[in-house]
Amino acid sequence: MKSFTIPADVPPSKKELFIKNMQTLYKQTDHLFLFACDQKIEHLHDDFDPDDDDVPEDAIDPEHFFKIGSKGRIGALATQLELIARYAPQYPSIPYIAKLNSKTNLIPQNQKEPISPSLWNVKNAVELMEQNNTHIIGVGITIYLGSEFEDKMMHFAAQSIFEAHKHGLLAIVWMYPRGKAVGDDTDPHLIAGAAGAANALGADVVKIKPPHASPGKTIEQELQEIVKAAGNTDVICSGGAKMDSIAYLERLYRFIHEGHIAGSATGRNVFQKSLPEAIAMTKAISAIVYDGASEKEAVAHIK
Amino acid sequence: MKSFTIPADVPPSKKELFIKNMQTLYKQTDHLFLFACDQKIEHLHDDFDPDDDDVPEDAIDPEHFFKIGSKGRIGALATQLELIARYAPQYPSIPYIAKLNSKTNLIPQNQKEPISPSLWNVKNAVELMEQNNTHIIGVGITIYLGSEFEDKMMHFAAQSIFEAHKHGLLAIVWMYPRGKAVGDDTDPHLIAGAAGAANALGADVVKIKPPHASPGKTIEQELQEIVKAAGNTDVICSGGAKMDSIAYLERLYRFIHEGHIAGSATGRNVFQKSLPEAIAMTKAISAIVYDGASEKEAVAHIK
Amino acid sequence: MKSFTIPADVPPSKKELFIKNMQTLYKQTDHLFLFACDQKIEHLHDDFDPDDDDVPEDAIDPEHFFKIGSKGRIGALATQLELIARYAPQYPSIPYIAKLNSKTNLIPQNQKEPISPSLWNVKNAVELMEQNNTHIIGVGITIYLGSEFEDKMMHFAAQSIFEAHKHGLLAIVWMYPRGKAVGDDTDPHLIAGAAGAANALGADVVKIKPPHASPGKTIEQELQEIVKAAGNTDVICSGGAKMDSIAYLERLYRFIHEGHIAGSATGRNVFQKSLPEAIAMTKAISAIVYDGASEKEAVAHIK
Amino acid sequence: MKSFTIPADVPPSKKELFIKNMQTLYKQTDHLFLFACDQKIEHLHDDFDPDDDDVPEDAIDPEHFFKIGSKGRIGALATQLELIARYAPQYPSIPYIAKLNSKTNLIPQNQKEPISPSLWNVKNAVELMEQNNTHIIGVGITIYLGSEFEDKMMHFAAQSIFEAHKHGLLAIVWMYPRGKAVGDDTDPHLIAGAAGAANALGADVVKIKPPHASPGKTIEQELQEIVKAAGNTDVICSGGAKMDSIAYLERLYRFIHEGHIAGSATGRNVFQKSLPEAIAMTKAISAIVYDGASEKEAVAHIK
Amino acid sequence: MKSFTIPADVPPSKKELFIKNMQTLYKQTDHLFLFACDQKIEHLHDDFDPDDDDVPEDAIDPEHFFKIGSKGRIGALATQLELIARYAPQYPSIPYIAKLNSKTNLIPQNQKEPISPSLWNVKNAVELMEQNNTHIIGVGITIYLGSEFEDKMMHFAAQSIFEAHKHGLLAIVWMYPRGKAVGDDTDPHLIAGAAGAANALGADVVKIKPPHASPGKTIEQELQEIVKAAGNTDVICSGGAKMDSIAYLERLYRFIHEGHIAGSATGRNVFQKSLPEAIAMTKAISAIVYDGASEKEAVAHIK
């Protein structure tokens, strides 16, 4: 198992907890699988509407996240702090990442530059953790780099990361260049910069969109450069919209083994399935992420 | 009686109070009746002007709310915190929901996107409750989802809900998509998303506008989907403008029994009546909500 | 004497002080006379310029307010908190209402929507009161309802009223609909709404502009409706620009006896006179307000 | 010597210090001389550039202010709090007024309305005073009345004045109407209003631009009216751009003896001279201000 | 060695630490070398992309900064506070300047005026320093003078400087006129003003862009004037984009010996080299800055 970076803003009294939280997320390996479930606010009903052919009835109830999280195999379930508060008492075994900010998808970008407003702070997460033993291991913050509101989100992220570390919690940044100043949000040069900025902001893990390939470079080669630019911050790719499960797993395998990213952040490709299929998918992903399984071995879980 | 969701942000020392407040609002059933009276700011004089044929003399004095609340049968009276402060000493028996934010109806939406400014905070509600035994059981917050100010209102709601739970109080969210980014504010898909967002923000109860029917789906079927999307947050529908009382009660019956919503939020359909008629109407509504009465049994109260 | 409303946000330990402050302002009657003197900021030099035929030399010095206040007969002198701080040591006998917000008249409404910025807070008023026995009995706050900044002013008013009551102080709201969303600021329906909103914000007294008459209704009939809409918040009318003194007193008499308002807020119709005339005018107003004098008896004071 | 106004926001325990600070600034007379040196931020290099014929080499180094302040004769040196912090240890004998806000002259008014941002607060001034015996006797705040940001500056000024008095410090307001709503910033009616507003905000001294004359009234007659409008706040005129020294002194004499202002605020007319000339000029000004000297006697100092 | 200015906002108990920090940065000389490494946020990937011919592979990993800082010879390494937090535990010997604010380069100036948002505060820096012995000796803050947001940045800088001194830390200001109100950002008159403003804001060191020459004046003569205008604040020039190393060193020599600036702030001209070359370059720069070496002696280090 790799040795973690323990940043200097983790006080000596919280180092043990920080390491324990790291080990929970990484399961004693070098990789992590984040079950990413903040869409109830980010996408409203779009990802959960059974009138859409691709969405099963199971997905409509937010408890679906927690059923998958408790019966499947994941590193941690990331969702809004209060959704954790409302379900964690019934699902105490799941490790949680408390998402602290979120916006809806109602306002088009040409009406107002994107901003993900802070909803909760690290103090709230710590209170939740301490008073009811909710198994929160870290916090999550979104930054739309390049938005006219990047100043507010960078400030919130920087402060939240510092505070999270102070309490022994991990900090994961959703780093998405967006806004009218951003032309191509999958430009590898831009994403490398965003990943490096996440490092300078103190993130333990940065979640990025996969870049596109460039002339003479594959996506995986671009990922390698992004991973280096992120320094001692681990890079994971967001899963994006639902796609063929086998193709998804093959891509994840390549990203980790050729692109050198640290793991997977998957949401729709898990929860937009019936409960048994979703549970199977978490096992397939975990096989790649945590067990070093081949694509074939992983795919076996969902067959 | 159903088992309540006690979210994890209610500390152990406040669980008993939280349950007691829930039981007050739900009267040991699965349903609730909120007497919604925040119109003195929201609509200014529009709902109270006896020059309007539909408004009786009784309605003009804000004390009308409290006379109805004390002599009628309701779950709780929801109004601005300070209106509670000014009348509760004379009406100590009413359970109150302290509305924390409110705007007037003076500024048209095309002049400025809607924002419901925070007027008070949970601390104020707790002080009121503790120092003079005002029977406050929860707080209410409005969010105009899709407004350019949704960031401010979501932040205020998230923080208020967390603080309310911390003190054993319930939190009810008035969730109304509004603003130029919102085309159709009774679109069921949009309302299902709004209800789900309220769940992720931690609301115990979400108050929505009834959706319209869709091709191939009745309003009640849409409500069923909305109720599922809201997870363990209870859904109630706002009563809207005054309509025929019998039609109102019949609609409420269908919404609860076919749409599976948790109850009623009624304001104008109660208080825009003379005191005896208003009291009778609260009894009719409560019969449906709390006693499982048929429409006919309910209508008997107002005949 | 009427029994006062003691709102529930006055803690038990401050009830005695609150009642004493009420009695000071109302002089054990049902009515009050507020000497309204916030024009040094609100109107800058416009009301004090002796180059204007209507303004006597006496008016130019702000001490004029205090000479009138100490030698005349008033309920309380309302002015900016710091003007009180600068003159109260020489005029300790006057009861004061500390105005907490104020704007100048320099910026035209079509340049920027009106906002009355908070200058001081209740804590400042309490400190002043406690450390030097300045006889502050309450605070005053202006709200321009309908301005794009109504959110900020309503928040400030709501918080100031809550804090004022917490310390046993009265709260008076200057409630003036204004801004481009407001067509007719003396529309009785609008003013009734504004007065009701002041009640929901917790004001003990609301100061409004007198409404105009409507087809089939006199001003006094409109005032009656406004007074009812304000519930247990007392309504007083602002005096406005200087007019004939006898006409002023006759109007005041009608407003109180036919319109049922609770008293008078007079500024320019008092202080834009020489000291002896101003003192006489306060006695005439007080005769109507406090002694139940007839118009004739009142007018005798200024003859 | 005149009896000072000790406002009620000076607590009893700080009255002695307040009086001492007053006496330092007024040197036991009725008049004061403020050496006004905030141009390093307000005008950047414009007043200090030796490439300009009118500016001697001596002026370029900010220490010039302090050499003049310590070797000349002044009431107090007013400059940014941190410039005091950087030089006071070498110049402990000078009484200081800590300027709390300042803007540069880079942004033209038609690009953005003027705002003087708060840089420090009274707490900072008190800490400086207490921990290193820096001889701070008061604070200074600029307000651009009529700017769209007047709300922010008036709030900051009101709070700073209250806090200053609470700690026994004097408060001086630089009151300059400015912004697109302000047509003529030397209109005597406007300046009288501004001076009166400074009084209502609690300023001990208000610094204004000299007004222009009006038809039938000299500048000095206008000043008399302004002085009355300012009530118990003392009025001083800003010196403005460098002019002929004798003319400057003669004007100052007339302003004090005919216009009844309380003294002088001089910056460029002192520091845009070589050190010996600047020292002589402070003596000439002080002769008029503090000694009641005639113009001739004053001019003798600079010959 | 020169005697430092110890500003009065350094409390007596922190003077020893302040002097020690000064001596660390200046190595007991009159000059300083700041290794300026805030580009991971300021320029994103632009300075680190090995696809660019001028950037070696070594530069891509942020650890490159720290390898250079620990093996080369510098006064202090300046970078974002959290980058320090993430690497300092492995590089405890480097003295650090914690940069507190930073923006990306994504938003063009004609879209939004530049603002460098505060990310951390002095309290964060002090906690980092105290709890894990991270060797932080000071803080860094950027101000874009002339931007429409200069008010916010000046406020943040002023407060951060005051707080830094209070804890015995140095304060360095990156002073860059920028925004549509700024025509020529290397105008010597403008930069002299900016340097003087930094002095009035309390900066111990101000980092400026080198000015251009003027008719009849060399760059070095302009620097002399700027240095004088900055008073007791030391002036250093930013190194800017990578250039020929020998030309860079010669320019630095002239700036110090003819322009009288206090030292060097170099980033890209060091870190855009392979590790051995970068280390050599730090030695060459330090030779000039700290040892008073000639250009030739300095150049010898990189041959």
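Every chain is named by a letter (A, B, C, D and E) in the order it is written, and numbering of its residues begins at 1.
Criterion: a contact is a pair of C-beta atoms (placed from the backbone, for glycine too) under 8 Å apart; a residue touches a chain by one contact, two chains touch by 3 or more.
Given the structure is predicted, the values throughout are model-derived calculations rather than measurements.
K.L.:
If we look at chain B and chain C, which chains touch each of them?
P.N.:
In this structure, no chain contacts chain C and also chain B.
K.L.:
Chain D and chain C are one sequence twice: same or different residues at the contact, by the over-half rule?
P.N.:
On the two sides of the chain D and chain C interface, the residue numbers are mostly different, under half being shared.
K.L.:
Could you work out how far the Cα centre of chain A sits from that of chain E, in whole Å?
P.N.:
35
K.L.:
Between chain A and chain C, what is the separation of their C-alpha centroids in Å?
P.N.:
57
K.L.:
Got the chain C residues that touch at least 2 other chains?
P.N.:
In chain C, no residue touches two or more other chains.
K.L.:
Chain C touches which residues of chain D in the complex?
P.N.:
5-12, 145-146, 148, 150-152, 154-155, 158-159, 161-162, 165-166, 177, 179-182, 189-190, 192-194, 196-197, 199-202, 225, 228-229, 231-233
K.L.:
For the complex, which residues does chain A have touching chain B?
P.N.:
38, 40-41, 43-46, 48-51, 60-63, 79-89, 102-104, 106-108, 111-112, 115, 117-120, 124, 127-128, 131-132, 134
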